């Protein structure tokens, strides 16, 4: 089995094994660790062997449903590398951080499952395969919210599920539509990304198909106005899955815009780009401002994530090299930061039984390490210099200015918006008087530190030495922008 | 011409009696007017020389099935108070007729528009038991056998369903 | 030691010391305080020494130090090298930033003595110096921006250092947020600059070379946005609101960050972009006006402040206004020179204030601190000297720098600017001596507790410097040759006055200031005038600026946030989604009335289906029939 | 002749439908169903006469047989229903519907 | 073995076995277990026989001398026969626990089951309208009786009554339609009708169009399409669980077998007139079904209502069939397989946990099942996912084929509509999963007494998953490709 297939299926198979076998919870955790670290090892190997100049690498191609031209077709390039690495890094760390708390086998099974699903979706080069993984990710999330969530978890799990599937089904119809259109033009069905590139659709058609795809991505990201599932879901979901949703799933949505829409509908993407840039900018500000009045910690982070994701969308649709790279970088960077911050929010909840900002305070007095990391990760979301977020935001803003000066100005407000609520939140939560809820707050435990320190180091490394990371994506990105610029010259 | 007028007469009887059948309050009245319908249909069979079917119709329908119905009515000893209260029966009849009307109209219109009659010469043998029997065993043996199985099924069903509780 | 190692060491030694302190503080339970002191002082001391070497080399040998660390980012044309460059301007900045930082470190080691967060304090402090050096030494604007934001960040942490009181952290938030508004301008400007001129590389030199290609209006926009950044960092109208609140931090912080170093970054940045500003006279004039108004405004507000640190804070803002005026009229080196002297005397003033605060049990209100001359005679001397200096009494340092500014303003022909500067300068004398007289000239006497010596030594050094630093840039009038201006060799406009006129100006000026001091003495020395001042008028309420900001920005944002989240997201969008689900279920219930269990109805539905099917068929066949 | 027969059988069929839907008495409903089948038979005989082929008559005979099997089931049904509810009102048999 | 032998062996075996059971049931050696295993054995053997005819394309008139070309044995028929024999087998196998714990499953019920399968077998081979009708009646009548099997239950009697009454009503439409066709084409043989249709113009086809429309109504009734399927909820609720599964999963296959044969042979010419009607029917069916399903509290009724929705999808594919491609028709076959395996599994789980009690199983009755019976709960989850068309299950592949064929036929809008109802269906299917896993109140533990039921539930679940992701790459097992191939053979054999 090739390493890509192993990366995808090892976690899934392990999850199945764990499901079927009655095991002691410690053994389950050990197996989880073994699997995720193996995946991490394989991914690192992948990263090291990855050749930035070559386009698609480590490709595996097996026929699957041959009559419809559906193949098991996976490969990695600069676009997907980030998602894969991020996934590989986060899953073991999340587990380390939650190591002591979660004693339900289902928790670990679902996390493994989701890892496989995300890997699969990120690596698929066949639309049906992508769709398969894209949908299958929902299940563990549904289960996790329902089994381990808080509040009106059943309603929320259901709503989230239905909402996202609405998008996915529209995407399915779009996928089928282009496959059929391909058959009409070339005589056989195809779901392969590299073949569908050659498809020519009328502008109206491609707009509709584009819309189908975009709906799925927009709901998952979420882009305004498809965001209303977000804050409730994040509030109800257990920590592990919030991290998955904010760091992996939402990012996958943005990644898919590049991977699929820009590849297959480069002209349409270009035509509709202004609208999505507008929507993204609106979302950036809207979610940011919405977050300001939040009193619930996780909802605030949720909206803050949404705000950043809107920025990522803007970066992609700007469609120049700075925007693309910036957004890809922000995907990884924000994934790390938000994973860390949601982890810490989970720790906070576990210690205080509340997410209400008003009931917290004074943590920095008795838990300096916690305070330090909490503040650091919050600030890394805001994008202060020397953290990875800064690099990404600078690049996106640069791209935005490159695109249009007004767009640039609005995009640049991103450096203002997040911190307006983040700083206030930090003050309220970490500083001031101790409250009932925070009295006796326990500082970070050793295993939690083990999880957070690598994240912090990675964020710093990506902020201080961005070039090392960006060189892996740059050739891919520039190949896309050069493609785009060819038709735009004759306008 | 003669057969035409006989047809119209029989048709009238059939229609009227069937209308009475569906609109009579007591089932016994319905059953009796249904016999009239069946018999006039049988007469219509005879009108086109289907003598064997005429006999079958009289025996099986008017004879067997209708007797069965009457028997059931008697057997169950249905009194007037057992009958459903059908105050709105006439509205229902009228309403349903209005709904059915377009359906009948369309079908009749289609029939009238199609030229389907072959007006083949009827042989002497037509409609006799021999003719029907030969056709049945020559061409329709399979459905015939299948019907036997169908009857078996119905038999088993009737037995199972009306068996007294064990 | 090679040039580049030297520069790198200069940059990194505070970082390393910060990191070490951080780890020791985190990992060990009860580390010795002296260890921290040692590390902190070594870190800043090494860079101070190296800074002096660099400046020496630069001044005497016109040597430019460079150091290329690594490529920070390289995408297409957007290549950002993490390179350091100490040219004349940079060396000049190092010349006062590094030593003053070191001195304040020394001071702080006394000030923060026995504080439980001693280690944390010095982590921040050294980190701050690192970012400041990065800002100063950066060879391209993006790296400069990183330093720029970095100092802002550390400043945030230091202002909210005593986080037990949440108001302190709010002050920190305010500082950072307002600074970021400025950064928004700065970053936008950089992006535009790159897009317009960045293709040939993005170091300062290459930018300046390609400035000529840029469309003038765009250039103005860029210049304006850059200045917005400077406004934020250097607390100019309208982005000054954070500075007075920033006094919530420990006093060494105020001394270091809010007097000597960080706030001057704006001035430094404008000076750094001098080639740009010389090409945009409109914006330069705008800068001058902003500076003038800030100077005047701050001076006016300072006359009604009672918190010793707030008075100094407004004074800082006012002095920065002077610098911007000078920048605006094109007297770059003059502005920098004032910044240079300001670092000494304002540092001194803050240290003195801190000394007083520590000595008198953390009282900061000058009305409560009356009559402390007896207990702190040395301090009185220092503070009096510094006050004289800031009031521009010859021959103290600020006299030379401020007088140069006045001269330049006058020479530039903008009389209104000159007059505003004059009024501001007189008000400076007024509020400084109001403070001095109230503190030291009173019948009351207060006793003190013993303070650490390490606080006193740096103050002595600074006193000396604030007396004599002016000699470094002695104008021709007094037989000097403008050493610093020549060294910096910026694109100064020729703003020379005839000597007679200049002398006249100086004398009038000095006389006026002395008159104001005299008036102040009459009014405040040994009187209770300070207690009779009205608390209600516009000045005492700081022109209601904070309130206006709250009303115009903070509250609308809050209401908008609630509106977005509750009315639009939940009230409209989510409701629509939930309702559509609900109505689907309702429709299901309605539909289920059809499934009423009555078999005749089922037959009726079938009939309706049949009939409608046939009606359709009939209609579809109409062409055939 | 064929058209007339067919038209008559459509009319009878329609009457059967009306009876089936409008009446609540299950015996009448059953007879309506028989009427539907008779209507079909009528036309089949006419077709048979028209084509001079006994096949349609055979078909009609098969239909009569099918009717007989249905009759058996219906008779059993009457017994079952009457045993349960002591009534032949079909409206009484609605425990399975969605009653809200 | 000649093809004739294979073709006749299956119905023959079924009838013989039925008659044997009928007699054996009266003897004192009869026990329920023996009757059960004889039936099961018959099904296995007949399935194996019929399955031997699916792998290659063939088509032949069966004994034309005797049967007068009324039966055709082709791959199409063989495929369908194998499908519902398999379906019957699975139903029966899973229902073991249910059958054992109830007393109304007498030997007659096995006889009726076998006879109904016999009816279906003949139906899917029938090439003539009357033969088809009679075999359809055999099958339906057996099912009517099976529905009313439990005489003690008022619900069952009522369901039997409704089904019988409406079924007869619908059947009369079939006869009327057949009469119309006969009147015009002078024959009831599908081949002759097809020949007639091809050789005349539209003006002499009016009655055929009307007649086949009437026949279509019966078909729509049998597959419970709105508005002809109002009976379905009541009848499914009234019938016992294995019978419901049988009706939902197996009977539908046989009906479609005939519908496809008739439509593809004769009436594909009239596509233009029917497609809109079928599509319209599909739309109201999908919407109506989902509206009904969404408000149910009883899981069984929900599944019943959702089977209506699935009929809607099938109708979409039905409307998308065209002369030149086999895609839509083979999509129907695949979907039927996908649906029956999932639905039988789902009903099977219900019957497994209800253990013969007549109690309606509400959502709340599933609470906590995941804790007490994790494997059963997981299987039910798999079935629900498959019914919902979730990827990696066979249900998804089925939907994929159907939507693809709909888009290819130009019904993109209807495919979108189908997707929307599929999305609504997520609600009620996931509600089951939700109750299984998220609700605390633990379900009474079902003891694993009936290994065979349990084993087949798991086997169905595995089949569902394998049909969703399976490829022949792994273990050399036939996967989706193989199923697809079979479906295509079946359709292509029709044209031979």
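Every chain is named by a letter (A, B, C, D and E) in the order it is written, and numbering of its residues begins at 1.
Convention: a residue touches a chain if its C-beta (ideal position, glycine included) is under 8 Å from a C-beta of that chain, and two chains touch if they have at least 3 such contacts.
This one's a predicted model, so the numbers in the text were calculated from it and none came from an experiment.
Between subunit D and subunit E, the least number of touch steps comes to 1. For the pair subunit B and subunit D, chains touching both partners: C, E. Farthest chain from subunit E, judged by C-alpha centroids: C. Of all chains, the one whose Cα centroid sits at the greatest distance from that of subunit A is B. Central chain assignment: A. Criterion: smallest distance from chain C-alpha mean to the mean of all protein C-alpha atoms. When C-beta pairs in contact are tallied for every pair of chains, the largest tally goes to B-D.
Distance between subunit C and subunit D, defined via averaged C-alpha coordinates, is recorded as 96 Å.
Separation between the centroids of subunit A and subunit B, computed from CA atoms only, is 71 Å.
The distance from the centre of subunit A to the centre of subunit C, with each centre set as the mean of the Cα atoms, comes to 36 Å. With each centre defined as the average position of its C-alpha atoms, the distance from subunit B to subunit E rounds to 32 Å.
Looking at subunit A, one finds that residues 162 touch two or more other chains.
Shared contact sites, meaning residues of subunit C that touch two or more other chains, fall at 581, 589, 592, 595, 597, 599, 603-604, 607-608, 610, 614, 617, 625. Taken residue by residue, subunit B touches two or more other chains at 96, 100, 103, 106-107, 111, 113, 116, 118, 139-140, 143, 147, 150, 153-154, 157, 161, whereas all remaining positions touch fewer.
Under the contact rule defined at the top, the touching pairs of chains are A-C, A-E, B-C, B-D, B-E, C-D, C-E, D-E.
Those residues of subunit E whose C-beta lies close enough to touch subunit C in the complex are 161-162, 165-166, 169-170, 173, 202-203, 206, 209-210, 213-214, 217, 220-221, 226-228, 230-231, 233-234, 272-273, 276-277, 280-281, 288, 290-295, 424, 427.
Only residues 26, 70-76, 78, 120, 142, 145-147, 149-150, 153, 156, 160, 163-166, 168-170, 172-173, 176-177, 180-181, 183-184, 187-188, 191-192, 194-195, 557-558, 560-562, 564-565, 569-570, 573-574, 577, 581 of subunit C touch subunit A when the two sit together in their complex. Residue ranges of subunit E in contact with subunit B, taken from their complex: 15, 22, 66-68, 70-71, 103, 106, 108-109, 111-112, 115, 118-119, 122, 128, 130-131, 134-135, 137-138, 141-142, 144-145, 148-149, 151-152, 160, 180, 183-184, 186, 203-204, 206-207, 210.
Subunit C contributes residues 604, 607-608, 610-611, 614-615, 617-618, 625 to its touches with subunit B in the complex.
Residues 589, 592-593, 595-600, 603-604, 607 of subunit C touch subunit D in their complex.
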